[in-house]
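Presented below are the structures under discussion, each in the form of structure tokens.
You will see chain A twice below: alongside chain B first, and alongside chain C after that.
Showing the complex of A and B:
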């Protein structure tokens, strides 16, 4: 079968790209560390400079793993939203869901002195869920998908403005911490926090794998899906739950990251040439991880100690993809 | 195979539940029976509630009252999954399946038969290929759904229903938006499926001609109940019986149109202006058709009215009551004679 060999080729190339980018993430940074030292450090056999061990184990390794999971989570969450809302331009950041999660975290950060990882995640999840419910409420009234997107953007603005008002009352150091976090970055997850993030992200990703079959049926619309035996209401809740967990855990640990959730499903569809979720979901997941790892590497300014905010990089990759897709929508099958 | 009743409904009320427990009842006492091996055409004017009835019969809308039985057991006694192996639908709903191939679309019909990840077994692949073959779009198997013509698209969705392997197939206006040939193709295809695979097929349509030609049964759905009065009952039967008993005449004979129980066609009310037509049958038929359009009522020739003698497609003789005769060499010329003589 011609289709199958194409799928295998895509999986292999994405796998290789993922591996290279992962290694790239470990190798590339403001401090030059040779490759063999890095391997020894990870294997725990390195006996040289302790600062190098510090850099690799406390910064680069958790950062690359975070990027990998965050990219996969956001991309899959974007795909789930696009299929659920039958709108190829939906995504966690454009519908204001990331901002909702951000607001949840802001409330906890500013008003509660204790912030364990779990409370942060729960706060982010509640924020994301509230925005999701608002959008769903509007989607019943507003059938036009572009209008619904604009409502999502408005809800996002509202959340941001509440955050700004909250900042006004917060202490300056908290505001600083918060503003930095809001620019999005993969460096904030330490080795201790990492397992929490990985557990939540994997949970959401695993859950979404069980949604592949009903997601395909939903491409035919809800009545067709129901006639095929899909319990539309429960499936919709399950999709929202997965999206909520994926967006919330990523936002809680890395801040609101734009464009990956919106653009990667398109990259995956264009690569694959099909919206069949059986291949589309795993390919979106892999492509999301690759794109995030790439973005993570691009935040390192060559020959300098500082890094760029992540949200300065993601639009450079994401925005052209979306513009391309919109301009060519007449020739792109899944738009028609 | 013995004929059996696949869906029956008694005292069925259809409509929508509105907010605050209010209900919008469209029909309130429908009694219907659907049989296997037959194509049943649901006819009714816009707003008669055809789609609502269809959605209710396939379990997408709850009935407001009454009972629906599917293969002898109450509709609500079936699980979601079981029901989807009994009734398959083709709807008019907008879909978002442009980016999947025809094969993928048809494979969705296997949904109720596959496991949690939808893995297709050899038997599923066979069912899919068979379904695509029965509707005759093998050459489109790997095309995207968005690349299909309207007719092919409809066939692909019918293939999806066939892959579902449900004994009952319900289609909401499957021939709307199709050109004449695709319309007939789809109807002939459904006919064939009903006969060869003993499916029960119910379809709603506005296409009276094909319904009379290819439907085994017609269901005539009147416009719904107003307020709380009982709505008109569903009249059903073989098309010819309905025509001969005058049901179709009274159903369609409203506001300036009549149903002609000889031709099975709906036309404007004929004028009182008689013209005699006679001669070679084919030319006479079309001359009559043209004169009807101009406001005349074709009838048998007589001395006291204007009469047309059709000798061949290029020879027409018009004789007037005063004895004068004129000749025409085409129907266009014939019509000109009538327009000029009436002025």
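Showing the complex of A and C:
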């Protein structure tokens, strides 16, 4: 009973934080718009400056929704990978999946120089899928999850070295464009594109909910899970697929975003004090959304019209969590 | 102007009787030229700390014997016959002064739009020496280059290139804020390649033409409000009012929306702050280098909120493809040509029948 009320308290506080941060994302930006005007804009009754309506409805609203889904997707894919590889340092950026998506985008941006939005998205999907297929292929041969993680890291290195070679031959405008894309960005998804992102992200998130039971079984070890009747091989593939959809869609729409996938599952475990995915997965999802919304707000420099790169902000929140987890490894319940 | 002076030299102070004449430098803030009997001294100021000297070059005629006592500085024997260029812009400048034969190697050949240089790269007379940030040093040595021309960056050296004993000219022209300031650097490069008079004449012709066009632009009372570039990632990088780009648009008779940003550095802005200030701009110009040409549909597909700007709604967007035109090769020596394009866009009545070189009306 005590555990249950704790869970409810966590859910309520994360829910409230999410709501506040969501509203914060709509209210706070580099252009100062009075709160009552924003409320009227959202209610559709505002009759003043039309630019403010465009800023709130076409820029801040899609940006905030994008941050919410991107944070949730990255955090959940990080959790799935950490459980699958039984390694607290697994995450979409570490396994080479983001690098694969990144490479796909680099190819179309630099080499083919297409400027259509759709090509970028398809390229990211194809890149992430190729890396995933490679990892799935190896997962048939390599049974040891740590070794598979190392293979993922190697594939990531290969992808980044190809990106460097591509950059070598690109023009400064393209490199510039590509470097800025690589800094992560929640602002690039317009209201028109948003439904696509939400559909992909929700699909991946929904898929992961069906994996809760086998994920818990995997925590006990693969042979134990097999004894419990879990089809380990197909579950591994299902987990990798889910992760692939979540990471590729986020990377395609927002660029490679670091640290959220790695750090948020730890924040969730620290809050919860347990690794039961029945609670851990939804809490990771909520915490991921909250962290991304917070990072999104922190990119706007107060009192100025400029914006900081997203990937300059995420490590400020992510890195201390990872260090805390490593230093306190022995005292943290979920490691024992 | 002639005056008496004394100079430090390696062997002490040179006789005070030696005369020098300083060339008037009109727009450039980054260098100064002093002529002596036996040599020319060019002081390049540190663009990041203008009170300091970045480099001091001593240009001495190759055909005369080296004097016994030399002033302090980097000795360059002129005219230089074999040089390598880290930037395509400088190679193109030297080619336009008629010294294409002195270009032996160029970095980053993909930016080159000068057809004569491209021809020489194709038949091997000009070598590709790799990336400007990591040039092929062995190749530079093999080419037996007498000189390296490079663009300096703040607090960064030139790595191994500094150790092979070939003088490096730090071509800091890109830090000049006035378009003609950049052009004027050509006079320094002209001295190096023995084409001082030709370089001077290119500069003075450009200067006159530029100022003539600038005066022409003042005849129009209409000053369109202009928005520049577009969003990259999360930022819209806006050139400041005091920058090279800010100056040339003002000279073309535009009311550049961000001209109140002082200084010369570009400023990162959020999309919403640009929209808030520039939604009712009259004209919007941007540069691109993608394979596909931009259209209103592609621009809207890239980021739908672009369609809120008035130039989008009224179809007043002009675009410049930077590698299909000679934009980057020309702007240093011929800012007058860019100015002419801009005046035509802002005040078409002043240049009837003119065909723009770089910018086209987006379809």
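Note that in this section the second predicted complex is superposed on the first by the 289 of 336 C-alpha atoms of A that agree within 3 Å, B and C clash if a C-alpha of one lies under 4 Å from a C-alpha of the other, contacts with A are read in each partner's own complex, and residues count from 1 in each chain.
Here is the rule we go by: contacts are C-beta pairs under 8 Å (C-beta built on N, C-alpha and C of every residue); 3 or more make two chains touch, one makes a residue touch a chain.
These numbers come from a predicted model, not from an experiment.
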First, second, both or neither for A:86, with chain B first and chain C second: first
Which superposed partner A:274 touches (first chain B, second chain C, both, neither): first
Partner chain in contact with A:230 - chain B first, chain C second, else both or neither: first
Chain A residues touched - chain C or chain B, whichever exceeds: C
Partner chain(s) touched by A:212 [first = chain B, second = chain C, both, neither]: first
Contacts of A:99 with chain B and chain C, given as first, second, both or neither: neither
Contacts of A:30 with chain B and chain C, given as first, second, both or neither: second
Intersection of the chain A residues that touch chain B with those that touch chain C: none
Parts of chain A lying in touch with chain C, wherever the complex brings them together: 29-31, 51-52, 54-55, 58-60, 112-117, 168-174, 176-177, 180-181, 183, 185-188, 190-193, 255, 299-300, 305-307, 309-310
Chain B-facing residues of chain A, complex: 3, 83, 86, 209-210, 212-213, 216-217, 219-221, 223-224, 226-231, 269, 274-276, 278, 332-336
Chain B to chain A touching residues, read off their complex: 55, 58-60, 80-81, 83-85, 87-89, 91, 93-101, 104-105, 108-109, 111-112, 114, 116-118, 142, 144-147, 164
Complex interface listing, chain C residues touching chain A: 110-111, 131, 231-235, 267-273, 275-276, 279, 287-292, 294, 298, 301-305, 308, 322-323
